[in-house]
Amino acid sequence: MPSPVPMTAAPPPQSWTHLKENYQHIRQGSLDLTHTMCVEDQIIQSMPDVSPTKWHLGHTTWFFERLILKSFASGYEDFDPNFDYLFNSYYYTIGQMHFRPNRGLLSRPTLADVHAYRAFVDAAMVTLLDQYSGDAVGEIADKLIIGLQHEQQHQELMLTDIKHVLAQNPFFPALFTAPPRPSEDEDGSILDWLRFEGGLVSLGYDADEDGPFAYDNEGPAHKTWLDPFYLASRPVTNGDYRRFIEDGGYADVRLWLSDGWAKITAENWTHPLYWVREEGQWFEFGLDGLQPLNPDAPVSHLSYYEAQAFAHWADRMWPGVRLPREAEWEYAARQAAQHAGDRAENQAQHGNLLDIQRLKQDGIAPTPRPAVAAETADSAKRQSLCGNVWCWTQSAYSPYPGFRPLEGPLGEYNGKFMSGQLVLKGGSCYTPRDHNRLSYRNFFPPDARWQMTGLRLARDL
Amino acid sequence: MPSPVPMTAAPPPQSWTHLKENYQHIRQGSLDLTHTMCVEDQIIQSMPDVSPTKWHLGHTTWFFERLILKSFASGYEDFDPNFDYLFNSYYYTIGQMHFRPNRGLLSRPTLADVHAYRAFVDAAMVTLLDQYSGDAVGEIADKLIIGLQHEQQHQELMLTDIKHVLAQNPFFPALFTAPPRPSEDEDGSILDWLRFEGGLVSLGYDADEDGPFAYDNEGPAHKTWLDPFYLASRPVTNGDYRRFIEDGGYADVRLWLSDGWAKITAENWTHPLYWVREEGQWFEFGLDGLQPLNPDAPVSHLSYYEAQAFAHWADRMWPGVRLPREAEWEYAARQAAQHAGDRAENQAQHGNLLDIQRLKQDGIAPTPRPAVAAETADSAKRQSLCGNVWCWTQSAYSPYPGFRPLEGPLGEYNGKFMSGQLVLKGGSCYTPRDHNRLSYRNFFPPDARWQMTGLRLARDL
Amino acid sequence: MPSPVPMTAAPPPQSWTHLKENYQHIRQGSLDLTHTMCVEDQIIQSMPDVSPTKWHLGHTTWFFERLILKSFASGYEDFDPNFDYLFNSYYYTIGQMHFRPNRGLLSRPTLADVHAYRAFVDAAMVTLLDQYSGDAVGEIADKLIIGLQHEQQHQELMLTDIKHVLAQNPFFPALFTAPPRPSEDEDGSILDWLRFEGGLVSLGYDADEDGPFAYDNEGPAHKTWLDPFYLASRPVTNGDYRRFIEDGGYADVRLWLSDGWAKITAENWTHPLYWVREEGQWFEFGLDGLQPLNPDAPVSHLSYYEAQAFAHWADRMWPGVRLPREAEWEYAARQAAQHAGDRAENQAQHGNLLDIQRLKQDGIAPTPRPAVAAETADSAKRQSLCGNVWCWTQSAYSPYPGFRPLEGPLGEYNGKFMSGQLVLKGGSCYTPRDHNRLSYRNFFPPDARWQMTGLRLARDL
Amino acid sequence: MPSPVPMTAAPPPQSWTHLKENYQHIRQGSLDLTHTMCVEDQIIQSMPDVSPTKWHLGHTTWFFERLILKSFASGYEDFDPNFDYLFNSYYYTIGQMHFRPNRGLLSRPTLADVHAYRAFVDAAMVTLLDQYSGDAVGEIADKLIIGLQHEQQHQELMLTDIKHVLAQNPFFPALFTAPPRPSEDEDGSILDWLRFEGGLVSLGYDADEDGPFAYDNEGPAHKTWLDPFYLASRPVTNGDYRRFIEDGGYADVRLWLSDGWAKITAENWTHPLYWVREEGQWFEFGLDGLQPLNPDAPVSHLSYYEAQAFAHWADRMWPGVRLPREAEWEYAARQAAQHAGDRAENQAQHGNLLDIQRLKQDGIAPTPRPAVAAETADSAKRQSLCGNVWCWTQSAYSPYPGFRPLEGPLGEYNGKFMSGQLVLKGGSCYTPRDHNRLSYRNFFPPDARWQMTGLRLARDL
């Protein structure tokens, strides 16, 4: 009978000093992301799935207070005892919580209060790291690392959520400047089909390749069988997707899953979430406001239904085309990493992932970027599959064989969401660059599209 | 065939100087009401009927810009052309508007932007009043007066709306301090039945009694017949209503209108909106936070359904008891005013109405206050019926005979709401004291209870 | 202090024999109405407001069993004890009941069971009437008369409800044959304005004019003041209403009450309930299936919102035009009855009301018929206002001064619906001809339109 | 690149005579199932997922008319051209269809009309089979076989749907008599854990084992890897599940998937769909009406959420316990079939599946039956896994590797439902006995529980 897979693969691999630096660096990153937001931006909840920035800032702080300070910092007293109720997200083993859809109804604590809360907890954390002399060093380090991974997840959510908030405003406010645009070129790079042989392969977290940390849902590693398959050399672009729209894709019931058709009909969807049609031209809303659509950039903010319908439509061009399976994607990504002769850590940086420090310096909005065409099929297979947009797979978010949730609150982190969602792989331009890894399993329901989601096609032989 | 009743009964009765002073005084009052609110308080919309404070501040400003400055201030340019869309409430004759339930989804313009907008418009208004030399003096004065009446209406809404916003917070924030409480005394003042003779009476706006201004829906004055009736000498109190609850009022289907029963069942209502039960004691949430229930104060934040069920229940004590008709209330109130030998202007001040200047000075939350028992039936009939709580009547909010809506946008002010609502009379402790008059017809749907609403009983002979 | 108004104005005015004949006649009428329906027609509930025919047949029977047989027929045993639960409509004082929107989910009891139930109860009722020798003769007669009035109300509902059921079928089944159509004539009869003087008039049930029975809500009779007014000489026709549609009436927000606009927008209403547009022509669904629209017949199946918007639109032609008040309609109708030198009993028959016996014989669908133009204004004022379509008034369905609900279950008959509804007057071609009277107050919410509802215009002088 | 897998694996293996007999036999079976239903039973749709019996009878007939007669019976004319619209279920490639949730709003065609439709189509089909001399013999046979498989699917739905319809009736009508009950014995049979070794196994349709027909979604057969695992020797019983309830299972948030908790909270679920608590005892509603709960019978009418929560709860007793994967179930079932030395055809009959002919003869309600304890572990592994209740697996209903939907309408049969649903295996006591096979993939959303669904536990080593 298997044991739960712990979230760190090894005894704390980092010195306390290094941990403290990491802590301070990542915590500062969250504040840096709010650099160009006014107070009002940080209060609003535009739909139940979205949380106000203020809440993200408070919740990530509470995570450290609740899981570390209250257990290990002797004499620690809550900054505010009400925060246990307000900033618990979904940990029922800890206690009751504020109703999620009502996070935007709270004016108090104010943003300034939450900033003070962050400073208070950060000071206590640094003191703990400086002074702790007990024998729970390993446990503290484990939880600290989890807390930082958790904070990085919320950094991505802060960007997707504020984007959704600002998108409600009919006058398209921008937080950052637009990146320089290349001249418009409809063709984009050529889409090649890269062949992979498969066989009996291993799927799931491998500390050697993926680094010292993984969430419990990324393991245990296990065998799975793959038939040979093709994977596209680049993601589907805005230009590709525009052709699908122009070809009547949203009106052709035969292309859609039954639930997908019901959704687009009920919601009257006729394009990706942030596309805007004005005077015959397509624009896209982003953190840089409303900008002309870049046809060569990967298409983003698609639901699974739309990704699947696009693949179904593309079957006319490439018979047998479909969305990749999770195992196919991960297997191909690991091949690329090995071909490139790199460790996963480097691998994770190859794609267009989020660099918060650079963002703060240059103020250029993170945005999916066009792929660079590889010169040969061989070099194409060495290109990273990561970054730009999360890639929808056709694989349900189910437990890996042998998965057991952890005991205690962290057991609620991932396992209880294993129904009705699909796995996405690869990180996006909103994912902090040192947060991604090849075993990472992101997951969303098939109708979610406020995340930075897109697709890369696969194909049967 | 009747003409629409204009909103001012006479050529502008006030000098320009006086108008300008009034303008500055009332406009300042709106800002004064936000004195103790943080930015975050002013952004949130807790339900579709509630507007954020920021929106109230912008909308009332837009009213002057749109109806006066754009027509009469030569060379006036919009502060921001988007505001016509964002701050129009429901005037379709002016143009499209932002969807009302989404007012809380707008972080921009910021509160500081709205303050700047107010200052900009106020300066232009003062300039106009100082310099105008055209021949539309009368029309400007008319619209100015309407704009100020409109602003005062929104001052009341600012208080009821922020109260609802803060009530969503499980930790009961307060904007003001609590008034001193008398010692608890269950009995309250004795309820007497004051007899009125009725007959063929006049209902509706009378400039002599009600002052120079009225909304179009308050006229034309017209005859109506009243049988003799009784009116209670004081409103129903919290203590009275607590007895109704303790007697199982919310569980006894026979007491309720059919729609009322459906509502309280669906929403699980078992007490007035802001009552809170903690450890066997009743508390009430107000602008002073959570306070012990005052049994002698008028009960407030009742729906019409609850007012009607209470009256039905009280029929056991006083057979024939019921809610008053609009004409009965107004007739009795006019009798009281005449008995008191006062003009309506003074009359309006007798009750517990809102004094913004005093509120800003002493910071004591406006709250319904216990009635002072009259010494004789005669003196009871001279007591004002105004203030404390808006009194639900059993009269539908229908057009008076001969009513015609005004031409243009102001025709949308009142007339289009004449279905499904009931008339309330008398003003409340949230109504600016110089905004009330005896002909005033407030109106809300029968399930509304976020307003400062209560009841006074009537009775058939 | 007033007492409740009993539902019969006088000691039972009819001999037992006459009562028994009436009982048998009316009870048979309900079955006659189902003459052309298959079993399947009688089972379906097409929306919560609609009841299956089977339920109407059972409920009206239960009314006699529960209110008369169980109290006065010695030794009577329930046909089926479950029926008290299944066939109680809304009498909480009697007990719990089956959830109204789920009436169409009951296959058992079968229709045959319900027919057996009717026969069983009818036999017991006849036996009671033949043999009763106790001293509750008056009470039995009272309740019998109420039960028969109640049955007649449900006869009208049976027609409106089966019409709604069949209208869900995309292939337009018919229960009856179409009446012969006159040649199409767009003009219809001329609309004249009949002037009435008003003054201090009496409103409400008058046994001399209205006959021996009235519901409690029709009294007490009371004084009310009416200014002089005009009433149109005929109802609004399909042709009139078609012009409103063609003029863009459903797209012009200025014509609509605020709630009305919200309704037609949410439901996408662009024409009366049963109008169907096919190949550029208007048709109307009725009990005779789909038929070409008759422009001269009164328009029917309008909500209050549509009636009000039409009147608002017509103000361009006739300034001051509006819907009549209840008191105006009733006053004018009584004038017509007196001018005609008739008693109310005859009056009620003048209009196009329902004759069940004739329907069974000739099988011609009851349908609103074009008005016959009066030769003079004087003769116009003698024409009955009754029949064809229920006329929406602008008067809320409120209690008359002095109204008190009856004790016991019959107190739930009318009083608890006195919120959110409007009064309709005059009966329709679906109302049994001996069921109508001038004091009758029908009532529906402003968005209801599955009833045979239309309008007649009034106008201020 | 793969081709779609045809639904029949071999040239029609049956003579035309045999096909015709099968046709007549299965078609008669559908009518036999309605033997004890009244007309009223067959009209009602109790929720959107449920179809009226009348609709099932019409739709299955339309399937033959549309796919065979209209293409291959020369000179065939529609029984009624409207039926193409009314009886199309979800085949958009064929045309528009009646809105599914409104199937219960159609009184016409009557049940008698549908019976006539069946007779008409059956006669035409027999004529075709008797007289056809063209060269589409193979295609006709293929579609005929699909049509019969389709009819058998609807036979199961007819039972689950009528059960749901009758369950809406508060008085629990029965269609059949109850089977004899064994004496109540809380212990049930011992639950043993049967060990399976797994490895690289084949999953999906195998004509040798599964017979000549399979739906497209059962193929292509493909390799998959299985770690060793345990499977329980019997399904979870009512007694087991009652202990889960008594232990507070429905109130313990930690046991539930997040979506499951949201569902049971919103719907207030506290027991399986058809359990009824009366006076401290559990009863279960079935086609035999309300009967005392049989603790030894397999629990049924569970959602996936409830099945999963039960497994989570049982982890306390058996660490590592969980729901089986589809591949595990199928692998174990094939092992049992081989151990038993049987072909799949016989295998399918071993469990408690539906025998329509016997049901018509003895009138005993099909019901899950207690397992018979095997004498040895070895004999336990030879017991069929089929029948009684469909077994929820934890596997999403996804396409098998290489799956492609068929061209034309049959391509809509299965593929478009491949999102948001889970696979169930094994057939139930409502599944026609010759309709089941080991490769069969039934699928429902995780909150569905009106089907005959239960669970069998698996366990990690």
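Here are a few things to note about the model shown:
By letter and in written order, the chains are A, B, C and D; residue numbering begins at 1 in each of them.
In this section, contacts are C-beta pairs under 8 Å (C-beta built on N, C-alpha and C of every residue); 3 or more make two chains touch, one makes a residue touch a chain.
Keep in mind that this is a model prediction, so the values were computed, not measured.
Across the assembly, the mean Cα position most removed from that of chain C is the one of A. By residue number, over half of the touching pairs seen at A-D are also found at B-C, the match among A-B, C-D or B-C. For the pair chain A and chain B, the distance between C-alpha centroids works out to 49 Å. Taking the mean of the C-alpha atoms as each chain's centre, chain B and chain C sit 38 Å apart.
A separation of 61 Å divides the Cα centre of chain B from that of chain D. Counting partner chains per residue, chain B shows two or more touched chains at no residue at all. Note for the complex: chain D touches chain A at residues 1-2, 90, 92-93, 200, 222-225, 227, 253-254, 256-261, 304-305, 308, 319-320, 322, 325, 394-396, 398-399, 401-402, 404, 411-412, 416-420, 446, 459-461. Against chain A, in their complex, chain B makes its touches with residues 38-41, 43-44, 46, 54, 82, 85-86, 98, 102, 104-108, 110-111, 165-166, 168-171, 173.
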